[in-house]
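Next come two complexes built around subunit A: one with subunit B, the other with subunit C.
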Partner chain A sequence: MRGANAALGTAGLAVFLALGEVAPRLGLVKEAYFPPTSRIADALGQEATDGAFWTALGDTLTGWALGLVAAVVGGVVVGLVLSVVPYLRDATASTIEFLRPIPSVALIPLAVLLYGTELRSVLLLVVYASFWQVLVQVLYGVRDVDPVAEETARSYGLGAWARTRHVLWPTALPYVMTGVRLAAAVALILAVTAELVIGAPGLGARIAVAQSSQAVPDLYALVVVTGLLGLLINLGARAVERRALAWHQSVRGEVAV
Partner chain B sequence: MRPLFVVALPALLVAAWWFASDDSTAVYWPPLRTILRTFPDVWTGERLRTDVLPSVLRLLAGYVSAAVAGVALGTVIGSYRRVRAFCEPVLEFLRAVPPPVLVPVIMLFAGIGDTMKIVVIASGCLWPVLLNTVEGVRAVDSVMAETARSYGVTGAARLRHVVLRAASPQIFAGLRQALSIGIILMVISEMFAASNGLGFTIVQFQRGFAIPDMWTGILVLGLLGLLLSVLFQLVERRVLGWYHGLRDSSRRAP
Partner chain C sequence: MRRLLAGLAVGTFLVAASACGSSDDSGTSDKGTSSGGTTTVKVGIIPIVDVAPLYLGQKKGFYGKRGLKLSMTTAQGGAAIVPGVVSGQFQFGFSNMTSLMIARSQNVPVKAVANGVASTGLAGKDFGAITVKKGSALTSAKDLEGKKVAVNTLKNINETAVRESVRKAGGDPSKVKFVELAFDQMPAALDGGRIDAAMVVEPALATVRSQGGTEIASSLVDVAKDLTVAMYFTSTQYEQKNPDVVKRFQEATAESLAYADAHPDEVRSIVTSYTKIPAAVLAKVTLPKWPAEPNRASIEALEMLGEQDGLFKSAPDLDELLP
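Here is the complex of A and B:
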């Protein structure tokens, strides 16, 4: 069953790639807009031999990783403080609901003015966008704490710190991990966007250059690279999630099936 | 007690901003007083019609077409196991591409007009709706499906009352994700190549060093995001009323 699915998936991928090869060659779509798969693969190979490409990839990953770490640490700390301190959660709810839907790209002009094309402008956008993903998940996670467990810990005389460590955190962890997974994807989107629009060094800036110099196969090759990067980040985040939650029912159940 | 909680912190923050920036001479951080005074000059009358309206219309056009296409395709893919297995790797890859990098690609063949912007918005919004619909349709309760079958509910009625109904909480989760992606893509596509629209205007302000005007633009985008998310919540509460009621009652009676 699983093998059959994998075979079907591979077939689907092959058909997709073949369509990409045949359609432009037969003139169904304009070759100038949709280069055949083989030419994109060719461009991809050339990119891989270019040192500047690897520098750009490194720049993008740096912005992504730094931003993600800052957002996760900030989101977890702020989320825990808001949930543990009485009344703080109620007092901040409306502000969070107000700030969250503000599109992060609204900050692009401000980032340009403040930091130009430095890494810091990328970080401003990445951190702003991914912070909310983590924060909201932490808040939901803490609300999910079993009142019986909480009361039991309290009656055993566990202090605030120990309760956070042994009751609150394990309950919230699955939610936090979902938040981290979402934030990792959002951080990549914003890192590439900032590079594309602001011109900070990275894959996004390279895409902008490929576009303005009409290097169409390279443009597609770079888009494919960002897609693969996104895919790897998703897979990586899932792997981390499985490890961190190995003790948890949802993961244990998955393994048993 | 509750209303106090709702307004207290925002009021405090706005007041803090007002007083902290009141005698600000920093070029990039104009006093809130100036920003608010500039606001009505910039965002009433002509500009509302020439910049805000086109942006919102493009967003709506792209979002609605993505929603329709996503639900339709998702229902087909989700209903047949083989089709799903066939499409899954390709879909996973397409979804992983950060939507903004599609702007330069779509500009190649759609030019720089409204079509390009609508296509960009739709192509970004499609994936969360599509994948969530697939998941939702796949997870339709088998007892429910069998019951419907034995009562002879088939065809369009089955699709409407059983499949889509059961998948609707998931579909709405996808629509919610798509909304924020849509706003982001609307702004970015206008920052690239446009002669009107919110993104275009805000970048113009920034390049012309009209700093208070730029700040009002940021506020407008924030308000637009907020307004759309409130509207979305209202629609969701209406459409999914039955579902939230069900969940609440099952939570209350363990």
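Here is the complex of A and C:
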């Protein structure tokens, strides 16, 4: 079954690439704006031989990784603290609902003023966008704790730390992992956007240069790179999720009994 | 949109500046980082042909021999450059004259220090032009009445220039419908018929030409003879605190501009180091002029037109703005 799926997936991609090659050559779309697949692949090959490309890739990944780590750590810590202290949760709920919908890109002017085109500008946007993904999942996850399990743990005399460790955290973890997966994707989007708009070094800035240089195949090649990056990040996040939750079904099964 | 961001940015800055003074690292970055007698200054630029003299001057050692090292920071458009310079993230920046005058008229403390780039002054042979698609019925700027014309930023230098071309051709600029579009998107929009004309600059101009598009007016030439299009600037605060660095930057830039003007081949080759303009396009690009000194008369003409079009709240004082 898995093999068949993989074969179908590959075939689909091959058809897509072939269409990309044929359509511009037949004149269905303008070659100047939609270069054939082979020319994009060519441009991609040239990028790969350019040291500046790898530096840009490194810059983007650095912004992504640092931002994601900060957002995940911040989201989990703040989420747990808010959940555990009921007053705090009530006091912050409306503030969170107010701040959360602010699109991260709206903070671009602020980022420019504070940090110019440095990495810190990228981090500001990435952390702001990804933090909420994690925080909200943590809040939902904690709310999902089975009250019977919680009461049982209490009556067995487990302290706050032990209950967090053995009851709350295992329940919340699947939510947290979902949050991390979403945050990983959002972080990449924001990192590239920040580079593209602000001009902070990275793949986004390189796309901007290709764009203003009228270097269309290079532009597409770089877009393909960001796409591949997104794919890898998603695959990685799923792998991490599977590992972290390998125990999940069995544990929840026992709790439910 | 970009104007909105820029406005928001400048506004935010003014609030921030009055509320809490300058941020912690503006104190240290004021002088740039010095090591071994060399001062490193950050320059906010747009990665286009216009700034080639800086790269060339750096390579030729014009800055080095004056104890300066340029750290070029590329930004997407002027929206990030003016606030970046004013907040001390960059010591110098590159911006078009209209943007600088608008900033000055809104009391944003910018000070032009060195010439940036100028029009070639030759109609039909400039680096910017109003272009129309191949076979278009529009043949002069007067025909633009009632038509959709793309400029990269509304209410800025290129809109002023197009208006002046229309006026000079005997048309009424208030009847032109301006739309905002990035230079690099103009050739496709023109070709696809989404706009009737576009005010493009290189390298998009070369792309339009390669598609058979034609020029109907050289707008930058229409504004004034040898128009000073853009300049390098700093913040008044930085200028007052570091007159020596500013002076060295001025001298080195003047030398670089003169060198670039005299060596177009070297310009074309250095452009490939910081842009991705394809070689075939680059060969056809019309280079701008790089006079060492700004042309005050042309800036006054630009200011007058800007005032006429209502770009400024109050007319900027050129004595305060210009070096």
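Basically, the second predicted complex is superposed on the first by the 247 of 257 C-alpha atoms of A that agree within 3 Å, B and C clash if a C-alpha of one lies under 4 Å from a C-alpha of the other, contacts with A are read in each partner's own complex, and residues count from 1 in each chain.
One rule holds for everything that comes next: contacts are C-beta pairs under 8 Å (C-beta built on N, C-alpha and C of every residue); 3 or more make two chains touch, one makes a residue touch a chain.
These numbers come from a predicted model, not from an experiment.
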Inset, instruction - Check whether A:V112 is in contact with subunit B, with subunit C, with both or with neither, and answer first, second, both or neither. - result: both
Inset, instruction - Using the superposition on chain A described above, determine whether A:V209 touches subunit B (first), subunit C (second), both, or neither. - result: second
Legend entry - Partner chain in contact with A:N5 - subunit B first, subunit C second, else both or neither: first
Inset, instruction - May I ask you to decide whether A:A70 touches subunit B, subunit C, both, or neither, giving the answer as first, second, both or neither? - result: neither
Inset, instruction - Figure out whether A:T92 sits in contact with subunit B (first) or subunit C (second), or with both, or with neither. - result: first
Inset, instruction - With the two complexes superposed on chain A, say which partner A:D218 touches: subunit B (first), subunit C (second), both, or neither. - result: second
Legend entry - Of subunit C and subunit B, partner touching more subunit A residues: B
Legend entry - Touching partner for A:I189 - first (subunit B), second (subunit C), both, neither: first
Legend entry - Contacts of A:G199 with subunit B and subunit C, given as first, second, both or neither: second
Legend entry - Common interface residues of subunit A - those touching subunit B in one complex and subunit C in the other: 30, 32-33, 108-110, 112-114, 196-197, 208, 210-211
Legend entry - In the complex, subunit B residues that touch subunit A: 2, 5-10, 13, 28, 82, 85-90, 92-105, 107-109, 180, 183-184, 187-188, 191-192, 199, 202-203, 205-206, 211, 214, 217-218, 221-222, 225-226, 228-229
Inset, instruction - Using the touch definition up top, name the residues of subunit C that touch subunit A in the complex. - result: 5-6, 8-9, 12-13, 16, 23, 42, 44, 46-48, 73-76, 79-80, 83-84, 87, 89-90, 182-184, 187-188, 191, 203-204, 206-207, 211, 274-278, 281
Legend entry - Touch list for subunit A against partner subunit C, complex: 30, 32-33, 108-110, 112-118, 196-199, 205, 208-215, 218
Inset, instruction - Note which residues of subunit A are touching subunit B in the complex, please. - result: 4-5, 8-13, 16, 30, 32-34, 87, 90-95, 98, 100-110, 112-114, 185, 188-189, 192-193, 196-197, 204, 207-208, 210-211, 216, 219-220, 222-223, 226-231, 233-234
